[in-house]
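Structures given as C-alpha cells follow.
Common to both upcoming complexes is subunit A, partnered first by subunit B, then by subunit C.
== the complex of A and B ==
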C-alpha cells in the first residue's frame, strides 16, 4: 500500500519500497517503483489487466522470481526483516511459514498423487496433528480421518481451493499472497472462498495481498486497492475512496468497463491496448489511451502524488478525473418476434455422461438470447449442438421451421452459412499460420463458392468488426487479444449469418476489452438484424447484452424468459443464488 | 496508434520464417557449411576429376602412383576420380527415398492423428508391424528377391522410413487437431482432407522439417550400407559405399580408397544432423502456438 506519510516499520507487516523486477535476458522492466505497506489483518487488492505485472509483483513479494525475471532493486521488509537481501536458504525457510502463496488454480497447485492429509502435514515442520485438524475446521472442511485420506481429485473445486487456503494458513503466516484464487470457481463457491479468506486473515492477523482482474470481487473484499498499469501502481488508496472517487483516468475507465448487475449503467470499453513491457512509452504508459492526455503526458512520467491521506495517484491531471456513468439504453428490438431457432427435447451425451437433459428453447429473431450457467452446466455443449459441432444428441433443432441435421457435415451449405460460431478463446480459434485475410475469407469461399469481390467483402467485414484495413496482412500473433476476437467475429460475419453463436467470447479477454466486444456485438445486432446466442457464466454481462435468458443448471433449463423479468423477479432458487452471490458494486452517479 | 507502431518491429521479428530463424542458430550454419562442402564434392567433383572414371592408371592398391594423388584402387583405377564421381548417385537416391518416406509418413501421421478411432488404430498398428523388422533386413529381403535395381532401393528405403515418420507426425498432430481453429473449419464442414492439409499440416512443419533432415541422414547411411553389402549399386559404378567394400581388404596398404568415402559420409551425416538440430530449436514454440 502506498502512502506518503511515513509509518513506523514496526506496525506494518509488509513494507515494500522501490521494488523493481526486470526480465532476463531482455532487461525489460516488468515491475517498477512499487511501494506497498500493509498492516496486520489488512487486505490489499492489487488490480490490473493481463500484462500489468501483478502476478510478477505478487511472487516478488515472496522474494521469488519466476524463470526469466530478476529482483533488481528495492526492499521487502516482512516483520522488519528485508527478505530481498536474505540468503536464499533463509528465505526458503520463511516461505510457507512467515509468507505464504495461494495460486490461481488449486487443481494444479495440489499434488494429485498425495493424500490431502500428507500435503497438509508437509507444510508444518514437525507434524502437529491437532493443528492440521484445527486449520481444516477453520476453513469449514471436515477434519475426520476419512477426509484426510482423500486425494485432490475426490474434492470439488471449492474444496480444493479451501485446502490451498488451509495449507497457506497452517503455518500462521504474517503475509499471504493470493493470486486470483477464485478464477474458475462458481459465484457461490467464490463467495464462500472469499468469506473464508477474510475470516482467516482476521483470525491470524495476517496481512494479505489479493491479486485480481475483477473490480467487483475486490470491491467486496479488500480494505485498500492498488491499481496496476504497465508495471506501476498508478493509483492506491482506501477501497471505498478509490471506487467512489478514482483519481487516475485508468481507474475511472476500468470502473466504467465493469458490467453493472442492475443494468442501469452503460459498460464502456477502453480503446487501444496496454503496451508490452518491451516497448513501454517514455511518459505516462496510459497516455496513448487516455482522453485527458496532454503533451506533457507523452514524454514526462508523472510522479506519485498524494491526493488525500493514504490515497495516491500517478497522474498530472488527477484533479480532472471524473467518473461519468451514462445510462444504458435498451436496444430497440421487435417486441413480438418470430422464432428463428427452435430446440425441443434435446438430450446430449459426452461418452456415457449425459450433459443435457430435455432442453427446450426458442431463440427469437433479432434478439440476443443468453445461455447462462456455470462450468459443467452444459451451456457450451448446447451451443455446439446448435453449430453442428456436437452431433451426439437426441431431439430436434429447427432453423426457420426446417430441421437441422446433427452434424455440420450433413447440413446444407446454406444452413451452415446461416449459423456461425465464435469460439471462447481467440488464441486458439485462429490458425497461427494464416493471415487475417485468409482467415476471414476461407470459410466464406468454402460456403458461398466464388466471392465476386473478396477484397471488398474483406474490407467490409473488417470495418464492421471495427478493425483497421491494414490488419488484413497480419498473422494472429501480431494482434492483441481483443483484435483477435474481432477477427473471429469478422470471419463469422463474412458468411452473412442469421444466427451468431458466441461461446464465452469475452472470458479470455480483459474487462476493458470485454466491454468493447459487447459494444460491437450490440451494434451488429441492431445494424444487421442479427440473432445472437450468447453463452456466458457472468450474470452481469447477461443483464447488459441480452433480451432473453435461459438459465442452465446440471444440463437442464431451470428458468427462461425476458432478462428484465428474470432478473427482477427470479423464480428458481438457482437463479436467485446467482443473483445474490455475484459480487458487484454501484458506481457513484449511476442513474 | 503509437502502441501498435512501437510493437511492430518485435512482431515482424517473430514472423520470420522457420528457415530464416534456423540460420540464426550457429549450429545450423556449421551444418550448412559441412553439407554444402560434401554436395559440392559430389556434384561438381566429376567436372574436375583428373581421369576417366573407369580408366586404369596403374597397378591395384598402389599407395603412390605417378599421376594420382591418393593412389589406385583394387583394379588400378584413380582413387580421387572414383571418389569425386561416387557421391552423386548416392545423394540423389537418398534424397528421393527421404522424400517418399517423409511424404507417406506425414500423410499417414496427420490422418491417424486427426481422424483417431479405428483409422488411427489400423494405420498405427500396421506401422508397428513394419517397425518390428530392422530396416536393413527388410531391404535385403526385397533386394535379394527382386534384384538390385535403383527404383527398388529408393522405394524400399523410403517405405521403411514411413512408419517412423508417421509416429512422430501423429504425435504432433494430436495437439493441433484439438485446437479450436480446426473446430471452426469443421463447423463450416470443410472436407476433412482439406482440414488436414490446410489447417493442420502447416502447424506441424517444425516436426516435419526435423524428420526430413533426420531421415536424409539415415537414407544415406542405409543406401551406402546396401552398396557395401553388395545389394545396392553394382560395379563398375563409382559409389562411396561400394568403394569402401571393394577396398577394405587393403586398408593398411592403400587407406585413401576407404578413408575418403568414409569421411565424406561422416561429414554429410554430421552436417545434416546439425541442420536438423538447428531447425528443431528454431521451430520450438511456433508449433505450440507460443508467441515468443
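== the complex of A and C ==
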C-alpha cells in the first residue's frame, strides 16, 4: 500500500485522505477519493443510500476489509497513527482502544453462545471488573452478576444495542464508528439509544462517525454531515449548513425525499437508482438522475470544490442547487365515504399467544387507512387477517357488508380478487425463476380465468406502476429494489382489486425510492379509486399518505381517526410518545 | 427444559426401537415357507423341521410369538444360537466389546482430526491447501469402505510396504488390543471412511460462522485471532457438526460389517456375516436390533450436544 500524501502531524482525531477501497478480484472501486477530518469530540454523520459504500468506509476506518474488498490506497490517521499501513498486530491493538465499532444489528453481532459478561470482559483484557460495571451503569443497564450471566437472546433489542455501545466505550476509544445502530429499533428505543450515544461521546470526549441512511436521525445528532453517493463523498459540511443550503443536487433531492412529520411539504422521490460499483459512469455518478446535469457532467468527473469554510461539494453546478419544497396537496377524497371493509371484535392468536384483542375498524372506500404501530403491536397480523392469510381469529370482517370467511381458502375467487396484498420485502416476495410477465399475470389467470388480451393487461398495469414495458421479460434479480416493489404492486393491480393491503412496503427500500413508491400509491388511489390499507411503523409516512389512521399498541387500537386530527391533537399517550420520539427536521422554505 | 427435551428424545428412541423390533420380527416371518424351512434348506427332513419349529415356537399365533420374543429381548434373553447352541447374548458379548473398541478408537481419532482439518481448511479458504483437502475428501467420500480397505492392504501389507498384518489373527483368549499393530488397518479404514463427511461439513459450517457478524465484531474489538477462533467461532460451529459426527458414528455400527469381514476381525460385523451364512436366525435378529439401538443412542447423543451448545435451549425455563 502506498500513501500518496506525506504523513503530516495533525491534531484531528481522524484524518482520512485519498482513501480507496476496491473489490477483489473484480477491481471495482467501492470507495474512492474519500477525505474526512474529524476533530476530537466531534460527531460526523455519513449519510448515503444502500450501495453508496458507507458501511465499507466505516469498516475501513478500523482497517477492516470484508471478504472481497481491500484497502487500496490512502491514509487513515487515528490520533496521528496511520492504521492503514500498520502491521496486523498493531492494528489489532488499536482496535477497541483507539477506534471502536458499533454494529448495525446487535442481534447478530453479539455472539449467541457467549454470556454478556464474557463478551464485555474480553474487551479489556479479562481484568478490570470495575470498569465493566461502570460502563454498564453509564449505558443505563443493570450491573449485577445476574445480568452479566445472561445470553444475548435474553435481552431486548434496545438492551442488546446498549451492550454493543458499552462494548465500544469500554476501552475509552478516541473514535467510535457507528453503523446505523438504530435501524430496526422502535422510535422510542431509538431515541434512548441516540441519547446514550450522545452522552457517552461527551463523557469520553470521543469523536464519532455515525453512518446512516436517515437524514432525520442524523440531523438531530451530528455536528457535520458527509453525504456519500456511489463511493464518493459528494458533499460535506456543517450539519446546519448542509441541511439548510445543500450544494449538491443529490443532497437536495435526498432532503426533499424525507417524509415531513408535519405533513406540510410534499415528499419527492428521486427517479432511477444508484449505479452498481461495477458499472459506474465516467462522469458524475449522479448525472443520470440529476435534473441539473449537462453534457459535461456525463463524461467529466467533478472535482471536490470548497464552497465555504469547511463545506465542500463535488458538483459543477453547486451554485445552482436549490431546495424548493413544494407544499403538500391533500388528495381529493370523498368527504363522507361509505365503508368498504368493516372489522368488528377481532381477536387473533398465534398458538397460545394473543396478538390482537377486540379490534374494531372501518376502512372507507377510496381512502388510505394507515395501521400504525411498533414491532409486535399486531399491525401485520391484522393486515394478514384482512387478506385471509391468518385464519386463527374470532370476530368478523365484512367486505361491502358481506362477511368474509377467515381463511383465504374458504373465500370465493372474487372475494380473493378484491383484496390484494403487497408484501414488505420485494427481494423475497417475487419468485426469482419467473419473469415479470409471468409474475404479474399468474394471479390474474388464477382469479379471473382466461383474459382476452393478457399482453394488453400486462402493459396496462406496468404503465400504472410506472415500469417500462421492456421490463416484462426481466427476472427479479435484474431489477432494483424499487422496481421489484413496483412489480409486486403491478401484480396486485392486475387483479383489479378494491382493497390493496400494503404491509411495510417501503421499509426495505431507500428513502429516495420510498418517496417514489408513496407517490405511486397516492396516484393509484386517486386514479383507480383504490382503497389502501397501509401498514407502517413510520408516523411521518402516515402523515404523508393516509387519510385515516389506527394506532395499535399491544394488539389493541388505542387511537383511531382522521390523520390530521389525530396528529394535531393526539389523545392517547402512546401516540403522543410516537410523535415526540420520531426524529425530524424542518427543511428551510417549507411552506 | 433441557431435561424434558432429552427425555422426549429418549422416548422417541424407544418408540423407534420398538418399531424396528416389529420390522425385524416380521422380516423373519416373510422368509419363504417358514423360518424353519429357510434355516434348514435342503437338509430339511420332516422330523428336523418339526423339532426346529418347536424350538422357534412357530406353531403359536403371530402375536404370541412376537410377545415371547419381545419379552426375551427386554430380559436380555435373545434365545439360543442355532449354529452353536450357546445363548445368543453369551455369544455376542465378546464380539460386541471387540467392535466397540474398534469403533471407539476410530471415532476418537476421526472426530477431532476431522474437526481440526475442516477448520484449518475453512481458515485457508480458496488456498491450495483448501483445494487439496476438498478434492481429497471428495474422492475418499466417493469410495466404498472396502475399496479403501483393500487399497490400504495393498499399500501397507502386501504390495508396496510389508509393515502391517493384512488380516486379524485371533489370539484367544486375550483382549484384541494385545497386538495393537493388528488393529491399525481396520481402524485406519474406518477413520478414512467416516472422516471426509465430517471434514466437509466442518469446513462449510466454519465458513458460515467466520463470515458471521459476531466474528466480524470480535475481530473489530481487537481480539487475538486465537480467541476469535476458539471462543467465538468454534462453539457456534460444533452444534451442526455434531449431527454429522453422530450420523457417521451410527454408520460405523453398520459399516463395521464389511470392514470386519475384510480383515476377519472378530466383532459384531463378522458375526453377522457368519450368522447370515449359517442362517442363524436368533443371532441375526439380535444383531439387527443391536445395530438399530446404536443408531438411536448415537443420534440421541448428538441431539444432546446440539441442545447443550445452544444457549437458547439451555436457558429456557
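The rule is short, and it goes like this: the second predicted complex is superposed on the first by the 580 of 591 C-alpha atoms of A that agree within 3 Å, B and C clash if a C-alpha of one lies under 4 Å from a C-alpha of the other, contacts with A are read in each partner's own complex, and residues count from 1 in each chain.
One rule holds in what follows: a residue touches a chain if its C-beta (ideal position, glycine included) is under 8 Å from a C-beta of that chain, and two chains touch if they have at least 3 such contacts.
This structure is a prediction, so every number in the text was calculated from the model and none was measured.
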For this session: Check whether A:288 is in contact with subunit B, with subunit C, with both or with neither, and answer first, second, both or neither.
Result: first
For this session: Figure out whether A:109 sits in contact with subunit B (first) or subunit C (second), or with both, or with neither.
Result: second
For this session: Could you say whether A:423 touches subunit B, subunit C, both of them, or neither, answering first, second, both or neither?
Result: first
For this session: Please name the chain, subunit B or subunit C, that touches the greater number of residues in subunit A.
Result: B
For this session: Determine, under the contact definition given at the top, whether A:67 touches first (subunit B), second (subunit C), both, or neither.
Result: second
For this session: Pick one for A:353: touches subunit B only (first), subunit C only (second), both, or neither.
Result: neither
Exercise. After lining up the shared chain so the two structures overlap, which partner does A:92 touch, if you call subunit B first and subunit C second: first, second, both or neither?
Worked result: second
For this session: For A:151, decide between first (touching subunit B), second (touching subunit C), both and neither.
Result: second
Exercise. Which residues, counting only subunit B, touch subunit A once they are in their complex?
Worked result: 1-3, 6-8, 10-11, 14-15, 179-181, 183-190, 199, 202-203, 286, 289, 291
For this session: Give every residue of subunit A touching subunit C within the complex, in rising order.
Result: 59, 62, 64, 66-67, 92-97, 100-101, 103, 105, 108-114, 118, 122-123, 151, 153-154, 164, 167, 171
Problem set entry | List of subunit C residues in touch with subunit A within their complex | 211-214, 216-224, 227, 231-232, 235-236, 309-312, 315
Seminar exercise, completed: Listed in rising order, subunit A residues that touch subunit B in their complex are 272-276, 278-279, 281, 288-289, 387-389, 408-409, 411, 413, 416, 420-421, 423-425, 427-434, 442-443, 446-447, 474-475, 477-478, 491, 495
